[in-house]
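Chain IDs A, B and C follow the sequence of writing; residue 1 opens each chain.
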Amino acid sequence: MRQEVRSLDPLDSPGLLRARSSGAGLGTALSATLKRDLLMVTRRPGDALTPLMFFAMVITLFPLGISPDADQLALIAPGILWVAALLAALLSLDGLFRTDHDDGTLEQLMLTPHPLPLLVIAKVAVHWLVTGVPLALLAPLLGLMLSLPEGSYLVLSASVALGSACISLIGAIGAALTVGLARGGMLLALIVLPLFMPVLIFGSGAIVAVIEGGAWLAHLAILGAFLCVALMLAPWAIAASLRVSLHD
Amino acid sequence: MSLSLEARQLACERDGRWLFRGLDLTLNAGDVMRIEGPNGSGKTTLLKVLCGQIVDVEGEVLWQGEPLRRVRSELLANLLYLGHGAGVKAHLSALENLRWYQAISGDQVSSRDCELALARVGLVGFEEVPAIQLSAGQQRRIALARLHLTPRLLWVLDEPFIAIDAEGVAALEQLLAEHARRGGAVLVTTHHALERIEGLRSLRLAGEVAAA
Amino acid sequence: MWAFFHKLGSPRWFYAIASRFEPWCWALALILIVVGSVWGLVFAPADYQQGNSFRIIYVHVPAAFLGQSIYIAMAVCGFVYMVWKIRVADMAAAMMAPLGAVMTFMALLSGSVWGKPTWGTWWQWDARLTSMLILLFLYIGVMVLRATFYRLESAARAAAILTMVGVVNIPIIKYSVEWWNTLHQPASFTITERPAMPVEMWLPLLIMVVGFYAFFAAFTLTRVRSEILRREQSKRWVQDMFREKC
């Protein structure tokens, strides 16, 4: 039995080691990283649920703090839904690279011959899938509780889905810059919040527009444009930031 | 193609202190080189410089005769680096960890190869157990299984013996010697004597003077 | 050209050149700011609508200009540092940041002081003021990030990346905020928009703006020089220089 095992072992082939060329297998690497991170989420579902719970609880604070009056709540609902979703996404950003950094797999990821800006897209995509998309799905329910006018729920979901993708990308720059710092969470909020403001303006603007019968599609289009720009530029900044953080 | 890693007049300054200066080093196929030096003498930094992770240093690193900044991805395609962190995801099993490594380094993903590699580091029966339930030594062994799994010319091992028992140390030393015989090269930092390795080369880092 | 560029990049050369320009910059700044303030605050005619309260533009406008320009200058320095590894560029970026933040704060403060008699409130979510506030946050982020890193090199590169990310975002923020503002409230007249200012009004303003820029140059040169000495204190040329002076 042991003999058979040994003969199958690739390392026991008698030939010398050969130099390999780089470049092959980027797709495999991307999908493997994507799958690995999703698998991690299924192993620890609590991590993905925390931002959602946070979102729901922050929304609960507003009727308590302002008034249960439906008309008043409906007026401010687009804004507070968006602010709360933004903060929930922000809350989860700190962990984006931190566990990978602490256990050394981030270093290993950076030591593959593949371009780092592309590899980080896989990680950011997972973050969006497990944070942004659930937030977008939960938002209509909370909108209902804030008596958001009917007919705006789809736009609410779409704007949160699009906007949270921007937030994941831009926020990942901050997460990458602060990953090597012991208490990076607060700093992360400080450096990325100003960058989120345009997303907030057009995200909640889309909902207000659909309620008032305005050009909501234009708002979503602008969010889409933000996403395109972020998708083009952010991966480079994330990769450069990770290089800085890993060598401090 | 045989292997050559060369450093010329490397100098690295950290916080106003020279870790090393005027460092020359040549590593060819069949070499096992141990980097020695007290704590904080820049062993890890040197390893990271040599495999292109740290670039803000003076001097030049050549891989196969070409400057590293131009052929970095070629070096990385032939490199296996085990750092301070084991590089093992705690919530994934040993098998899942290894499969991810196979995928990101562009090898064929094969559970059978992973199982064989795990068997060789003595982790039979632990393949499906989440790494968090394993001991520190066992987690380290998952990382070491990559040495069996992925054929790479250059091994750069930063303190690979941490948390490994005596038996494991002996096996690992043999593995390093075997790797050198097959035309590979090893750069290693460790406080172990590495007595089982013939023709072991040493590089001592001690403040400013360094001699290979 | 390139040789000059690289020469300038060496701290020692920059120190020498900066020492030569520095007094001139200070002198220019002093003269322009004194002339501009006296002219603007005393001799320029009062505004027919706002009376004397408009005179605050002689501080507000130059401060706002500098606040924005300095961030862009920091981004340029960050770019130069990341691409050519010129350390002086990073020192300049580091030294400019507090001045930029102070200028932005001054613009906000003067805007709100002007707002009290004009709008009847200390703070209005006016498009320009809001953008300036966000700009102040960007400055604070960069400065805090830089201070958090232990290694000089890492701090420099992290700050450079964040500044460049910020500078890409500034126009987006500016236009988003402007757009948001027009949507939510009809534009009241703002501090700088007025039909055809007479020469006696805008000439002192121009002098003040140039004076502020001269002050920025002088301030940066002085601070970069001392930063060069601080960071290069172990280098031979610095020690030689001090030995000569003693």
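Here is the rule we use: a residue touches a chain if its C-beta (ideal position, glycine included) is under 8 Å from a C-beta of that chain, and two chains touch if they have at least 3 such contacts.
Source: prediction; values computed, not measured.
Visitor: Comparing the two chain pairs, does A-C have more C-beta contacts than B-C, or is it the other way round?
Guide: Comparing B-C with A-C, the pair joined by more C-beta contacts is A-C.
Visitor: Identify the chain whose mean C-alpha position lies nearest to the mean of all protein C-alpha atoms shown.
Guide: Taking the mean of all protein C-alpha atoms as reference, the closest chain is A.
Visitor: In whole angstrom, what separates the CA-based centres of chain A and chain C?
Guide: Whole-Å distance between the two chain centres: 34.
Visitor: Using mean C-alpha positions as chain centres, tell me how far chain B is from chain C in Å, no decimals.
Guide: Measuring from centre to centre gives 48 Å for this pair.
Visitor: Please list all residues of chain C that touch 2 or more other chains.
Guide: Chain C, residues with two or more chain partners: 151.
Visitor: Give me the residues of chain B that touch two or more other chains.
Guide: Chain B, residues with two or more chain partners: not present.
Visitor: Two-or-more-chain contact residues of chain A, please, as numbers and ranges.
Guide: 247
Visitor: Tell me, which parts of chain C touch chain B in their complex?
Guide: Touching chain B from chain C are residues 85, 151-153, 234.
Visitor: Applying the document's contact rule, which stretches of chain B touch chain A when the two form their complex?
Guide: 1, 3, 48, 51, 53-54, 64, 73-74, 76-79, 81, 83-92, 96, 99-101, 103-107, 109, 112-113, 116, 119-120, 130, 148, 151-153, 179, 182-184
Visitor: So in the complex, the part of chain C that touches chain A is made up of which residues?
Guide: Residue list for chain C touching chain A: 82, 134, 137-138, 140-142, 144-145, 148-151, 154, 157-158, 161-162, 164-166, 168-169, 172-173, 176-177, 179-180, 183.
Visitor: Applying the document's contact rule, which stretches of chain A touch chain B when the two form their complex?
Guide: 5, 8-11, 16-25, 28-29, 31-33, 36, 39-40, 43-44, 99, 102-105, 107-114, 119, 246-247
Visitor: Along chain A, where are the residues that touch chain C in the complex?
Guide: 170, 173, 177-178, 180-181, 187, 190-195, 197-198, 201-202, 205, 226, 229, 233, 237, 240-241, 244-245, 247-248
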